[in-house]
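Each of the next two complexes has chain A plus one more chain, namely chain B in the first and chain C in the second.
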Partner chain A sequence: MTTIDRDTRIPDPIELDRAEEERLRAAAGLGPVRTERGEYAGFDQVGIPDRPPQTEREREVYSLDEGEMLVNMGPQHPSTHGVMRLVVKVRGEIIVDIDPVLGYLHRGIEKLCENATYTTVLTYVDPMDYLSTMHNEHAPAIAFEKLYGIEPPRRAEYIRALVVELNRIFSHGLMMGFLALDMGGLTPILYAFINRDEIVDMLSAISGQRMLFNFFRVGGVNFDTNDEFLSRLGTWRSRVMKNIEMNEHMITDNEIFRARTIGMGTLTGQEAISLGVTGPNLRASGVPFDVRRAHPYSIYRELEFDVITQESGDSYARYLQRIAEIKQSIHLIDQIIDRMPHGPVQAQVPGIIRPKPGRAYAAVESPRGLYSVYSISDGGPNPYRFRMRDPSFISLQAVPKVMPGKLVADTMAVMASFDPVMGGVDK
Partner chain B sequence: MDWELLLGIGRFVLATTLLLLLTVPTAFVIIQMELKVIAGMNLRIGPNRIGPSGLFQSTIHGFKVLAKEDTVPDQADRSTFTLAPWMVYMAAAMSMLVMPFAPGAIAADFNIGIVYFFAVLGLSVVGLLVAGWASYNKYSLLGGLRSAAQMVSYEIPLTLSIVGAVVLAGTLSFSELIAWQREHGWLLIWQPIGLGIFYVASLAEINRTPFDMVEADSELVAGPFTEYSGMRFGFFFFAEYVALFIMSGILASLFFGGYLAPWPFPAQLDGFVGTLWGILWFFLKTYIFVFVAVWLRATLPRVRVDQLMGVAWKLLLPLALVNLFVTAIAVVAFDL
Partner chain C sequence: MEHVRRSRTAAHALGRRRALTTPVAAGALVRLLTEHLSADLRDLWTDADTVEFTIDGARALDVLTTLRDDDDFAFFMLADAAAVDYGPNEHFEVVYHLFSWKHPAWLRVRARVDRAEPRLPTITGLWEGAMFHEREMYDMMGIVFDGNRDLRRIYMSPDYRSFPHRKDFVLPDDAADSAAAGVNPLERPETWDLTRFRDAPGVTFAASELREDAPAEAVEDGETLADQSRPR
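On to the complex of A and B.
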């Protein structure tokens, strides 16, 4: 044990880190990365990992040819949609390669869920993809109901479908705004937020919270509809088409917007399938796959809707796809309200659920694609294994695929057109 | 002692001081306008805390910038890093020297005022390039290179779009050009194509939306200004808004009659009253164009850097040349 007297100099923790860093670098056979004064030695070294490349891909990205340089975008960058880091290899302004570096927002949600009881898991999944909270809760709710072997009441299913479609609308609306924002358009994002606020107020009236709704329960939903929710829904419904058209007028026919999105970031249907891209991004490439139609869950079997697709698979198609889906969701909401039955909204479920040992898989169509949950029960009160497939993680892989040869200016715009949410990517 | 010369020097010093002082409130007013007008267009309230309905928000911002810590990156080239904001600001402020505010209220009424104006305004690109290089930052470097490419290419159609007007009026002096407009009507009628080219190119020249490539915040953080802080950043910021004011003022002077009232007056106003009357109209017209620029910023996304260059070289330049050619032929043929 060391004693500290008055004359002992307590080393600065930063200094300790530096010494450790130098030691590790020397062990790996690398030169010092810092100058004698303690600053990073070089412009061109920033962004390169302080270790030898571990995979072929890493070697490829981080070796520079003549005239190339690495530009580090993020994790602190005005438009990386959360804390994401892209290492972009450029030659002048032309992109040679992109390496997304993930994990800055990793919160270990899967592990947290494995340590929580089945009822409390639904609170942990909320902040994953924070723009589609309702969908995040929907998939585990279905999976746990399968595990436990109960069915939610009919009215609960209808309310679920209703809030989920409302969530889809504001999520898609925000995507339109962010896409414009990443191209320098200031206004559409604020219009999108006004639209979002109306929906979020409505959902907070029914669930009690504005962002992380925590509305779903195993075997039903938390609350029945109330007067405030219904009156807000009615007001919103009466003017939503006008609002969307207003936003559309600002973006859809704008020459500059079209010039920057048409033919940009084109993903063919085959590529999208082989990458595993789902949701609007896949449908924008012309593949008619929608979980609501392909593997119907909840009440989607009873509702009328078409699987909308676009042809070209570029940023503009992805944008148009979102608008079409907003309109489709409004159509679905009309049907749901029309047919909503009376009855209870919560099945009888014990406080601590202990399903029989087994496994269950449930997939829902989230605004970003196929969001699914795979849960294994060992008979205990918490899931033995809880795995989530987040669609933005998969769509993000398409960005390095479509970007080489394009300009730095389009990196963020194309990324925004895939609409990833970092909370979901990093879990 | 030559009293004439002394008087001239005194007048010049007074005028330049006044112009330099004018840049500060101008920047404040335009920033305030940008805050409030864009807020209105975004359906927001905008600043509303400092002063009546947030009137002093931009002033406070200006003083805040003074109080902020001024950092210089460790690896930056200190001398040029320090010099760059000064160069950009002075380029903007110096071009105000030939700005015709009113009859008799021009700091220096050169007979080559138009040439001087474009020559001096073009200097700011040097400052931006230097800022981008000296910062030792990749975003700054890319932003600086973009600004060089953009401003140099747009200077050509910008200048060519004026030559038609110059040929028509037969003068390079701003006051004579305005005098010509008093007799023949605004150049807007004579040079509509020139006006269009000038407007687009001037937006690009001063890096306004939709051509704000230089500080494309979603791509390059803040372009060449990324590493700047405190009052150095403030100078860039000021210069940008002063440049917007200057371009709007020049647009008003060249194509919309400058300080002339939009309708002919029975009595020619002279002397001090005439100057005030001219200043009123000049500022009114100028701020209309400032408003249009702010409006564009709220409405349009940014064009991409390669598309921008395409517009300059493939569209504006040929159009400007055709315009000049047609004007020259017309001048010769109809003996205008």
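On to the complex of A and C.
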């Protein structure tokens, strides 16, 4: 039996790990993993063919100080909210830097839309941000109506506002579930999906589709409300507050949840504006910017609501912001149903439209922020240029900004609080 | 269903056309622009909720700095930045959309860029979030932003060499098979006949995929199976 007296030096576990790793790498014929101070380490660190750095920033990320290493998070990571890779530079468990690598889902939707007629563009934008499909269709519909010089009937505007607010509710509900899921809480996501299914059933009753609704048309919407939609809406409305409050009680005061969100990923309002963060994430940092108020579109000029903001700008504030916006959307839906006029839901528009040459910009408030479309017409049947600004693509830049100094395990929790959807990030 | 049908027939009465260029409620903005930026301003134009003008690409940084920092403008938010290709013999355009609390219109700044030398100063110093916008424009259109610290491809792989959103970009297999070239690929027999790939390096096929039933004597000297299957 080995005797340990008081002077025996207990080896540092990190040193033991390091010695073991170097032994293994030497056995495998690999060079030492740790390089000299700030030396460029190269891309074989993250398992891709080595090449010289292309930019200053790339040299900075791939240069390692003593004790640092690079780790891939993704692309096939269960909580990257899609297919995305984060190259994470760590010192032990502490994050030093993050470099997001995108493009795994890139389909070139903008280029596809340049070869589609204006009517079919509205189907191409559906699978972009697949949790806010209605908003994806809303902005191009407004832009094309501006180009073509037509206004949808009043009832169509009300139905549009109704379905986008329903979409916002289930998108925010899922965000609450995913945020808890990324911290190891499995229950909220199940309830979130139950709530989502109720809304999705409702929307499939009105649009005929379950996920990619394809409901908007240039000059209106595809269908009027029907009995099934209205009865499902009534049932859902009668118990939705109870469901949300249940979800809220489950998460909001949870001790682990609070410990891992309060003070995490804090963005000041100034930083958020500079980074282009919009939507609930920006309002959680105290900036009262909401496209529905700042540039009212559709019928939002007539509805009563206040722009909700939080103060602290951390993950917890972003979560509270979502809950407040769900309640706000329910309030908006009540107003919309009360005021909905009778009448047609579609203007008379030909199947292939040829707007006059011109440009149109339309922005809507999607669950993830400012979603905008810039469309150029050259007089032909398809857009000459069709540009989409997806909010989660731009908001993703905040993750490398807020993470340094935090633990690796919190990366996904903070990322989930920004609620990016990779279908939208990669377009 | 009756109310749906009724609404369809009544619909034509409601498709009101509206003028494309209604005067915007942003006369103050137009006046300020002509006062402050008269040296750079070209083609000032407004519609219902937008004010737009064109500038020279090299002046983009100065003009946007004025628009952001001048208290009269206070365009604190970059809503969008995108590139437009106006065709192989024309020019590029980088389009910035800005937002301000003080003015009830989107401001669209169209920065004109030479197609042969597509260079522009970066605005990542004004808005950090312009980084991904500029990386996307570089990746898709090949526009170079001077001073950007991280101008590398964002969607395509780093060794990719083309710029897919340019108007003269054609997919490699489109060039031969496109409808524009008068070819319908499904009508070309060699597209169904996989034997032409038999000798390609690194390609292996299951035997059932190869069309081996062509009689050997039909193949003349120096002619491959693929030549034979091509329409004469």
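Criterion: the second predicted complex is superposed on the first by the 380 of 427 C-alpha atoms of A that agree within 3 Å, B and C clash if a C-alpha of one lies under 4 Å from a C-alpha of the other, contacts with A are read in each partner's own complex, and residues count from 1 in each chain.
Here is the rule we go by: a contact is a pair of C-beta atoms (placed from the backbone, for glycine too) under 8 Å apart; a residue touches a chain by one contact, two chains touch by 3 or more.
Every value quoted in this text rests on a predicted model; they were computed, and no experiment measured them.
By the touch criterion stated above, A:E110 is placed in contact with chain C alone, chain B being left untouched. In the superposition on chain A, A:R260 makes contact with chain B only, not with chain C.
In the superposition on chain A, contact is made by A:V345 with chain C only, not with chain B. Of the two partner chains placed by superposition, A:R293 touches none, neither chain B nor chain C. Of the two partner chains, neither chain B nor chain C is touched by A:K327.
In the overlay built on the shared chain, the residue A:I194 is in contact with chain B alone; chain C does not reach it. Among chain B and chain C, the chain that touches a larger number of residues in chain A is C.
Looking at chain A, you'll find no residue that touches chain B in one structure and chain C in the other. On the chain C side of its complex with chain A, the touching residues are 3-4, 7-8, 10-20, 47-50, 52, 76-80, 82, 84-85, 95, 97, 99, 101, 104, 106, 108, 127-133, 140, 148-159, 164-165.
For chain A in complex with chain B, the residues that touch the partner chain are 37, 39, 43, 69, 71-72, 77-79, 93, 180-187, 190-191, 194, 250, 254, 256-257, 259-260, 407-413. Per the touch definition, chain A reaches chain C in the complex via residues 51, 54-58, 102-103, 106, 108, 110-111, 146, 149-151, 153, 155, 219-220, 223-224, 226, 271, 273-277, 289, 294-295, 343-349, 356, 358-361, 363, 370, 372, 374, 376, 385, 387, 389, 393-394, 396-397, 401, 426-427. Those residues of chain B that touch chain A in the complex are listed here as 38, 41-44, 74-75, 136, 138-139, 142, 146, 209-210, 212-213, 216-221, 297-307.
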